[in-house]
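Per-chain numbering from 1; labels A, B, C, D, E and F assigned in written order.
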Amino acid sequence: MDRIDNRKHDQLREITILRNYTKYAPGSVLIKMGDTIVLCTASYENKVPAFKKDTGEGWLTAEYAMLPSSTQKRNVRDISKLKLSGRSSEIQRLIGRALRSMVDLTKLGENTIIIDCDVLQADGGTRCASIIGAAVALCDCVGQMLKDGVILENPIKSMTAAVSVGKVSGELLLDLCYEEDSNADADINVVMNDNFEFIEIQGTSEKDTFTFDELNSLLNLAKKGLEEIFKIQKAVLSEGIVESENNLRDQQQGENI
Amino acid sequence: MDRIDNRKHDQLREITILRNYTKYAPGSVLIKMGDTIVLCTASYENKVPAFKKDTGEGWLTAEYAMLPSSTQKRNVRDISKLKLSGRSSEIQRLIGRALRSMVDLTKLGENTIIIDCDVLQADGGTRCASIIGAAVALCDCVGQMLKDGVILENPIKSMTAAVSVGKVSGELLLDLCYEEDSNADADINVVMNDNFEFIEIQGTSEKDTFTFDELNSLLNLAKKGLEEIFKIQKAVLSEGIVESENNLRDQQQGENI
Amino acid sequence: MDRIDNRKHDQLREITILRNYTKYAPGSVLIKMGDTIVLCTASYENKVPAFKKDTGEGWLTAEYAMLPSSTQKRNVRDISKLKLSGRSSEIQRLIGRALRSMVDLTKLGENTIIIDCDVLQADGGTRCASIIGAAVALCDCVGQMLKDGVILENPIKSMTAAVSVGKVSGELLLDLCYEEDSNADADINVVMNDNFEFIEIQGTSEKDTFTFDELNSLLNLAKKGLEEIFKIQKAVLSEGIVESENNLRDQQQGENI
Amino acid sequence: MDRIDNRKHDQLREITILRNYTKYAPGSVLIKMGDTIVLCTASYENKVPAFKKDTGEGWLTAEYAMLPSSTQKRNVRDISKLKLSGRSSEIQRLIGRALRSMVDLTKLGENTIIIDCDVLQADGGTRCASIIGAAVALCDCVGQMLKDGVILENPIKSMTAAVSVGKVSGELLLDLCYEEDSNADADINVVMNDNFEFIEIQGTSEKDTFTFDELNSLLNLAKKGLEEIFKIQKAVLSEGIVESENNLRDQQQGENI
Amino acid sequence: MDRIDNRKHDQLREITILRNYTKYAPGSVLIKMGDTIVLCTASYENKVPAFKKDTGEGWLTAEYAMLPSSTQKRNVRDISKLKLSGRSSEIQRLIGRALRSMVDLTKLGENTIIIDCDVLQADGGTRCASIIGAAVALCDCVGQMLKDGVILENPIKSMTAAVSVGKVSGELLLDLCYEEDSNADADINVVMNDNFEFIEIQGTSEKDTFTFDELNSLLNLAKKGLEEIFKIQKAVLSEGIVESENNLRDQQQGENI
Amino acid sequence: MDRIDNRKHDQLREITILRNYTKYAPGSVLIKMGDTIVLCTASYENKVPAFKKDTGEGWLTAEYAMLPSSTQKRNVRDISKLKLSGRSSEIQRLIGRALRSMVDLTKLGENTIIIDCDVLQADGGTRCASIIGAAVALCDCVGQMLKDGVILENPIKSMTAAVSVGKVSGELLLDLCYEEDSNADADINVVMNDNFEFIEIQGTSEKDTFTFDELNSLLNLAKKGLEEIFKIQKAVLSEGIVESENNLRDQQQGENI
């Protein structure tokens, strides 16, 4: 079977991660994974939610939303319906859990890190792209907190990344795009740390089911993809937290006019 | 390690399923799983959501809520906050997907089945108990639809059940109660059909992580639990859809006063 | 005229009150009044609303809701409409006033008792059943508060109960079921204390009107019903607050499977 | 006991009813009852709510609100809290029932009359003033509907009015002002038609209770007040529906500047 | 061109301003501008919003709403839609800015003044009438604050008023009524202080556009109107803040019945 | 006075407009105006709001929002507060009016164009940047509608653009950045068409006021800025509507990793 974009069954889409994409949030990353584009930012504030008060520990929370124009058919804003969509609610809880697994909350002090993942263009895998990008933004935010003297010790325990795998027309595929995802018999989102231990698995199969064997094959496929993704994350982070030249503002000036 | 309620590591809590528990919904099941108690009902209506109109197919949707008094500390009603809680949103989407997997939507006609899972008492595993109970209620609802002539053919493809497994203090346990769940390093909710194929896996590990080997052990533990649960569901259903004697109204009269 | 369920015009439906029905709330009562079933719980918290702060007095508030499957036609959840239904709002204010009349707020200290009445099955008279059941739950909650040392003196001033009476096809009837209520020319909900003084009267007559004489006859009918209800409440309460054997969890085990 | 405004125990406050108070709604009445001032309007539209569709019958619904500045302490707008206050909800349901009792819905055709009662100044008895004023506005609206040819036959069955009575420091009083109402042991709102049959009774007693005898005395006191109110309503209506000179716009011009 | 109400192109509608219109708010003004009628009140409270805390300065905020019956076609209440209308939101922000320009916030102390503008009848120019009336109510409120000792120095810097001008069928007109406003090619709301400096200009032209020259002519027309309006405001205020005889309650008694 | 970014008093910030920025919306423009970055998209749907039904005319509506991370201090999402912010509400109404002025609605047929302006980074002037960018996106959307055969004739009447001018420390400046805007005594947003006629003027002055003369100087400054902006818009549009190379996806690939 040929994939719609000519990838091999175990091939990731091209991933680009731009750090310091916008200028206010201490962590601000634009991630592109094929045609999926997500702006992931990490900010912090010097307070914690009620259930963490007086514990000496911090917290990390995440929010996820899609711009109205990010989907094939324009999607109505949540505020117009006065309801956070169930899908967004489910995804932002997943992102929150995945990112919290990176952080030793006891080393955060009573501070809260807020992850915002806003999808500019959705072509499948937005929750995975969000986690990959937000993990980088989180590192930058923590770097800023150290610089600001808000925390004294690095609370990052491990790197985290996510990828989707699925069964499409009987074939097992890595990193589904929207077209593949809509036709998948079953798909699994796998979140791992860089020791290749599981943080989260979310497998679902509305059209078909999957067996133990298929599960294991899919998880191995995911592991292969995550190995590459961790390399990309680390490469991006190793460039150092400089006022990089690659942010949107500088990079594109003069190109168009 | 001794479990808090003296169960063996691979032992389910006692499960009781009462059919025809209330009198209006065509499917109405009270499920007790240890101290977790959920009222699961299935109703139908002769219309479908906009995205299914003129497709000739039906739909199934689910809602989940906890009574304020169902938890150790009284929980505030969603309507008081004007927001469906993120947790409820996530769980009702899971229940919806799990139950839809049982049904051939093309055989439903343009009808919608609505599953309501209302937790009367929560002691861990409410989403699994909801799925187990709702699967029985769904069968009863479908029975009524056939009797009412709304559908002509049984759309049920398979039975569905769910169970939680988890790693608590390093030990792998089946069917976590609330106390165990709150201390779990990692826990997985497994939804399978009665061919023991996966419908959904949701594994999460905020405190610790889990390895490939642990995952496989946990899934096997889940499979063992699901074997027993499918037997209970089938035993309950094989009693036939009679105006059973065992509903709350009749059974308890005279006992108290 | 024969009543639909063969009762005499001045006959109550059978009432069953189960205490300690669920395990977390200090007062938890399941009341069945014919086919009307309501779970009434009473919880307390160590704070008061703003308007009672620094008064040394406590408060009691009530919430009322119907499960979606409790009615003949499934009713949509309030949270789906983002609005508390006007009917629920009206009823929970009535329950609050009725139950507050039982309590000497000056003896409560700055604590709030929260009454939750959740209708599992509605066959008319849900607001009256709620008040009857909640009065018992309130006593149990107060018992727990005394045991917990939160209050030192019993704040209960009197017992409270409620019953509906109505004019149906010209005949005066006690304790209307849904079928009768929908056809009533006029109906009155009467709340009294056990000295047979009025706490609240809510009489309404959309189809017809009622005269002074009919009002007096109806109130006397209500009084007769309330005499019996107070006996049932007291019988149930005189059993003592034991970890009773009659709660749902224990009572029904083994019966079904 | 002297009443705060020197009235006798069975004396109404001065009532002024201005018809055609604003110019758009077909019925528009400003009612002043002592210092309580309510703008009551009645509008109609050529459609009915879903539950009345294809019945050939009409409907009447009511809404009630207080301006922020109408109370001693400014009250926050409902829209700022995104919730209709429970009290408003309860009152507008009462007004709706009271006004519906005036109308033969089968003669309305599939039209809906909307009553709006907006309190400009609240000094006790706002729900009663609303009903008195809205009854007049309803007559004017029906007059307009007949003129517009929307209905062919007058659907008004009877006149409706309401008054409060209460027990204050042991004394029975007619038409409580705010000061009296806040100190009342018990108070009853009585809605009657002009045959002096009951439409609605709402008696409540948070501080004290009331006996059968007191109830009867209070109802007789209410009847006396309602006799006077019906006379005022009829006097106002007998002036004919002219483009009256007494509306706010004309009446006050030139007086101030 | 003849104006619909026979005014000259540069003629204001008749303006009536009644102070102390209702009795609770320290500033309470009914303004009539032709057939537009707005109740403008000013209240104060001894606290400030979060962003002003510990600044020693006060704040002024405004709310604007239309009664459902104030418009030709009854308008649905915001609370029924759970959304503040965009138009109301825009207008109340304008009123807030206009009124804040009158006040030296540093002389207010940490107090907040709340302006409420509730439209009883809308015939064009409601935002201008609101500003004119609220400016008078604000003066009365400040007078009360001085009397109450809440502030020690008068914080009023200048008087503020507003008027609309527009281009209708090519002609430039002052103070548009609804009929004119709906047909205007362009209209401008001009807010000035009594030194005839601009506080706010809001010009909009959906149907047509306007040129620099037209803008200047329109602004001069506005200035002419504002000169008259300032005179009216000052005349009304110079009457002194007495418990005036001209409030609604006293003035209209006996006129109607 | 030196401007914070060394611009001359009548100098615009650098403007970059990228067409076809995302791939789904028929018009999709990223505009950068200094450090202000807005994604402006234009979509269409084949229906109109209720008030335009059966008129044969179309409609254009706009929505505006800021990403949480777009501001110096993270701003809370509207959906978390269940309220569209007053500021957003005001701005999106302005954008809607400005963009509608470009279109002959009678040539649109019964279609609705939806403009979405989502601010990625806010450094002052977001409403002006939104209008400039959305005007280009609107042209692209109309181009697509013509290509799709949804409309047969180009409905664009003129080009529209906006710019802010203000008085800062007494000096008159063009195109205020955030720092300047927060310190402005007065600022005016001017929307004009390319015949330099006014579409909208919104001038406001909370700190200080402005005179007739200052107004005219500011409007001339705005006109100068708008002349340049129209040139930029036209240059961008004259490149033709090709599947341009300059969208985000292609342009940045390979740059970072």
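Here is the rule we go by: a residue touches a chain if its C-beta (ideal position, glycine included) is under 8 Å from a C-beta of that chain, and two chains touch if they have at least 3 such contacts.
None of these values were measured; they are calculated from a predicted model.
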Chains touching both subunit A and subunit E = F
Query = Could you give the fewest steps needed to travel from subunit D to subunit F through chains in contact?
reply = 2
Note = Joint neighbours (subunit A and subunit C) are B
Query = Among the chains, which one keeps its Cα centre farthest from the Cα centre of subunit E?
reply = B
Query = Between subunit B and subunit D, what is the gap in Å from one C-alpha centre to the other?
reply = 50
Inquiry  = Measuring centre to centre with CA averages, how many angstrom lie between subunit B and subunit E?
reply    = 59
Key: subunit E: positions in contact with at least two other chains   = 82-84
Task = Work through the pairs of chains, note which ones touch, and then classify the graph as line, ring, star, complete or other.
result = ring
Task = Quick one: what's the order of chains around the ring if we set off from subunit E and go to subunit F first?
result = E, F, A, B, C, D
Query = What residues of subunit A sit close enough to touch subunit B in their complex?
reply = 82-84, 86-87, 89-90, 92-93, 97, 100-101, 186, 188, 193, 195, 197-206, 209-212, 215-216, 219
Query = subunit D touches which residues of subunit E in the complex?
reply = 14-19, 22-25, 28, 32, 35, 37, 39, 41, 43, 45, 63, 65, 67-72, 74, 77-80, 82-84, 114, 116, 118, 120-121, 232, 235-236, 246, 248-249, 251-257
